[in-house]
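Both complexes below contain chain A, partnered by chain B and then by chain C.
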Partner chain A sequence: MRSSSALWPTLALTAPLVLFLAFAYAVPFLGVALWSVTLPEPGLGQYERLVGDPLVQSVFLRTFRICLIVTVIAVACAYAVTYVWVRGSRLQRRLIEICIFVPFWISLLTRAFGWLVLLSTRGIVNSSLQVLGLTDGPLALVRNEPSVIAGMVHVLIPFAVLPLASAMRTVDERMLLAARGMGASRLRIFWSVFLPLTLPGVIGATLIVFVFSLGFFVTPAILGGGRSIMVAELVYLRMFQSPDWGLGAAISVALVVIVAALMGLLARFARLGLMGGGR
Partner chain B sequence: MRIQRPGPVAVALALLVGIFLLLPLLAVVPISFTPGRLLTLPKGSLSLMHYRTLFENPDWLSGILLSARIGLFTSVISTVLATSFALGIWMLQPRFSQVLVGFVLLPMIVPPVVSAMTLYFLLTGMSQMSHSIGFDSVIGVTLAHVVMTVPFAVVMVLVALAQVDRRIDLAARGMGASVAQRIVHVILPTIAFGVATAALLVFVLSWEEIGVTLFITSVDAITLPRLMWMGLRDNVDPAIAAISVVLIVVTLVILLARMAFQRRPEFEEE
Partner chain C sequence: MSKRAVGLQVIGIGKSFGHFTALKDITLDIAPGEFLTLLGPSGSGKTTFLMLLAGFQAASEGRLLSDGIDITRSRAEDRSFGMVFQGYALFPHKSVAQNIAFPLQVRGVAREDIARRVDAIIARVGLVGHENRRPAQLSGGQQQRVALARALVFEPPVLLLDEPFSALDKHLRGRMQEEVARLHGEFGTTFVFVTHDQSEALSLSSRIAIFNHGRLLQVGAPRDIYERPMSRFVAEFLGEINLLPVGGIGHCARGTSGMFEEVRLTAPRHENLKDSAVLAVRPEHMSVSAEPPAEGNGVPARLAGTTYLGSAMRLAFATRSGTPLTVTLPSEAAGRILAHGQDFWVTWSFENGFLLPEQS
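Now for the complex of A and B:
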């Protein structure tokens, strides 16, 4: 119900934030976009480098590869915990909640440090392995790609849980009951009935996790040790180590375009009612 | 009622993932009591030397105080802006609501590194006017943190508003209450818990913000995460284990306090 007298209060309430973000976010982003076509000289040179420069290409390819692996692992792990969270006993639900939501609130730096402590040469995993006599010397477990993947999966699992949970909550119990009535085994019920019914949630979670993983900076920078750098770290290096602001800006614009395309895909799924949990 | 409880395989898998999620947090605890300068498990004797460093080294103390100050400012500004915006959307349902909400959520969706570059552009520009409001200043960092945290506050307040019964607002309106009266006497008291949660979340997000802070500070505005970052990148300092344990404990206390105040969720079954 809208009345014309409501215009002024609407403006007074919503305008401060909208204006603030227009000034502090939208306009400066246009400035960055401008950098990408003016630095060091006017033209589309930076975008040509984006598709032509082998270094930039290899970083983009590595980022996509790592993000794909991370997304698959994170969504699979999240599926297992969400399944027990939604369908388990009260005690199981409480325990899962602790496991998901406590790390979620802890700083990225603390968590990356936790992985360093576990995986470094004199770290907990290596010393335990040596004490048990399983290895002679320390294994190189950190400052490489697997440790980056572990750290990123750890950060991203909670983001996959919510869309999965909303899809699992809408599954009609009677479908499972019907499958059991017709003699299906537990595995069969899960594989042929439950999993397909929750597939929209899996797609939603996959897109969200992939989008979030693309811009990761802190975790790969600390656990990767500068060896396998990803796109976000490349932007940082181009800004502060070899001042090449034009390229950094062009990468930023490219990232926004990719994310916008993926979010558009997500919005289409949501509109088609495939996301579940629309109640 | 659930006809099918998770079987042993599902529970075992969930347990493994749960351990994976808690492991890095638990690992930090013993390391913080190690007597040496290296990241090793303490052998025999325990030491509080790294905790003492936190209080004796002026860098850590000033980082903690600076982050607390920026976190408080950010929390107040973000929560006020977000609550006002969400109230406007909920009460008056302006045309283009979805576009407006989408716009203010952008800093949450855009990759943090892009936001960092954008805010770097803004703050270096503002530095041209005055050094106290731009790059590497407390006001500049606060401004950037407000941009990064305000979408989360908007989501929290909108979620709180979605649970409000519109009829109580209509009743107030029918009895002739003005927009301001409806907000102050009817709606704000109803969503107080949601607003408080938003303020808390914003404080925590600002307190631990590093992705953007790294781009917009250099030598003056050294926040706690910035200090931790420097300690993690160079040679890893065990004092970080001590500060990590402190941070984990503080977060746990905040979460427990929040749980204690929270009304029981209504979807609790059985």
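Now for the complex of A and C:
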């Protein structure tokens, strides 16, 4: 238990952050929430549209579908990458640090355009395929869901690597030795010992990646090219293109509520993990 | 119970990590069914040697045979020696029964056989009623039992134990030692046990191998090693010992003798000594009297202090030149002697001392 004398310095040190979040985030969000029940007229009309409008529904469904696929692929890739990062040789570790964390410093926009350069009709992949004579004309590699998924996975892998790494680092090497000593094959050790022991990290990474992916805007907007619209882009369109602020605000509120619920789940899981993980 | 215990032949095994030599030229025969303890201070190479036996590390040189078959290059999972780790290394996500079943599942044993064998061994290590608990819900002693059961359930030819009692309190440690000794008797498996606790080594083992600085210094039955150490390190590492520097070594009919201060002291014959050596005597083999002894060895010494140990008493003496001597006597006898003042003769019979080379 923290003593009451230690509480005041803690409050004082966290106050700037709390105040910043209140003014830069909470207050504007309350404004948006207010729009959702006042524009164009007071009432819950916009939320009825949210539930009833087939376009809004299809965008939400597509968003969930893409985010689920992205989460599964990103966490699976991140698991493999993290395994090598935590357990590989020094050279492998360096290489992964460069490949995973350097892109962290590069803007989302730049990375999305990077994928465009790679995948567009006159991009590197298409011209290579044609030069090699594997295809006659350019393939449609962008402006579709797969390219959105590829771009999002690329951005999200590092976010999954960190929770996975902390889970993998806590695995006691002697448990893996013990399993080997009892005659278990590498595959067996992985499935029966290593994976179950790192499962809390997998669940944490899954929630983090899924929550992040729900709000993605830049990557789907550029790589989807207006065809696979996701929720964040729909908000943008309702706000800035077809002035329908009330609906845009209602979608925003819905998105925030979903994310908050998932974050609550994550927090609860993290607490359980702390209690169960104590050895 | 299975009696397929194997013997291991270790021939010139060495292990280096870069420039650091962890083990050098270890040659050792481990007999089928014996309880061999690897004893040494930390960093002596005993754990590295155990890891080489298990196959978790590869030897840099030398060969390892199991009943005559070369297993130097075989992998840990193929050797499948049972192993009890320091800290037990139980799987925290599996129940007691699942932990113990694991090595059987790996071997593809039929489901009903697994259940039967797991139940049987749980009964033998006294864990009935705890089958469905997780390791975190068990006490240290119970975790230890699970680790032993898991290592023995597949009837391995050899069981390796790496300081298994280091985390237990003294009382529990004694009980687990008895338990391990009982299991060794029942299973008849070859046990190789690593410890830095000399009393544990003396009480449990059929033989002790003493390691220091990556070398095997001496192997033998506990009594032989305790009473006839071949080097100063072994003598000092196993229990308390008095070391008297002696010069003018000479041989006589009784044995070998040398001069300590102004007294000639005699011990059983030792051929390979230079002019000076060390005479070693265990404190419990010494006695104290007011007069010089009629027979045997005696050194005049002054009482410097006493420590009450309950049933025994430790008396600290200093000789004229200041060499410390420790004598342990039954408390009653010590009390009688202490009434006589401060200056005494510390005495012992010829056969209770032994000469050691000065440097070892």
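The working rule: the second predicted complex is superposed on the first by the 251 of 279 C-alpha atoms of A that agree within 3 Å, B and C clash if a C-alpha of one lies under 4 Å from a C-alpha of the other, contacts with A are read in each partner's own complex, and residues count from 1 in each chain.
Basically, a contact is a pair of C-beta atoms (placed from the backbone, for glycine too) under 8 Å apart; a residue touches a chain by one contact, two chains touch by 3 or more.
Keep in mind that this is a model prediction, so the values were computed, not measured.
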Requested in this report: Put chain B and chain C onto chain A via the superposition and say whether they clash or fit.
Outcome: fit
Query - chain A-centred angle between chain C and chain B, computed on Cα centres after superposition, in steps of 10 ° - result: 90
Requested in this report: Could you tell me if A:R188 is touching chain B, chain C, both of them or neither one (first, second, both, neither)?
Outcome: second
Query raised in the report: Is A:D172 touching the first partner chain B, the second partner chain C, both, or neither of them?
Result: second
Query raised in the report: Which partner does A:R180 reach: the first (chain B), the second (chain C), both, or neither?
Result: both
Report summary line: Across chain A, the partner (chain B or chain C) reaching more residues is B
Query raised in the report: What is the contact status of A:L197 with respect to chain B (first) and chain C (second): first, second, both, or neither?
Result: second
Requested in this report: Quick one: classify A:S127 as touching chain B (first), chain C (second), both or neither.
Outcome: first
Requested in this report: After superposing the two complexes, find the smallest distance in angstrom between C-alpha atoms of chain B and C-alpha atoms of chain C.
Outcome: 7
Query raised in the report: Which chain A residues come up in both lists, the one for chain B and the one for chain C?
Result: 177, 180
Query raised in the report: Can you list the residues on chain A that touch chain C in the complex?
Result: 172, 174-175, 177-185, 188, 192-193, 196-197, 199, 278-279
Report summary line: As the complex stands, chain C meets chain A at residues 54-56, 75-78, 80-83, 85-87, 89-93, 102-103, 106-107, 136, 150-151, 154, 160
Report task. In the complex, go through chain A and note every residue touching chain B. Result -> 1-2, 6, 9-10, 12-14, 16-18, 20-21, 24-29, 31-32, 35, 77-78, 80-81, 83-85, 87-90, 92, 95-96, 98-103, 105-118, 120, 122-124, 127, 154, 157, 173, 176-177, 180, 186, 189, 211, 214-215, 217-218, 221-222, 231-232, 235-236, 239-240, 248-249, 252, 255-256, 259, 263
Requested in this report: Using the touch rule from the top, collect the residues of chain B that touch chain A in their complex.
Outcome: 1-7, 10-11, 13-14, 16-18, 20-25, 27-28, 30-31, 38-41, 81-82, 84-85, 87-89, 91-95, 100, 103-104, 106-107, 109-122, 125, 143, 146-147, 150, 154, 179, 204, 207-208, 210-211, 214-215, 225, 228-229, 232-233, 236, 240-241, 244, 247-248, 251-252, 254-255, 270
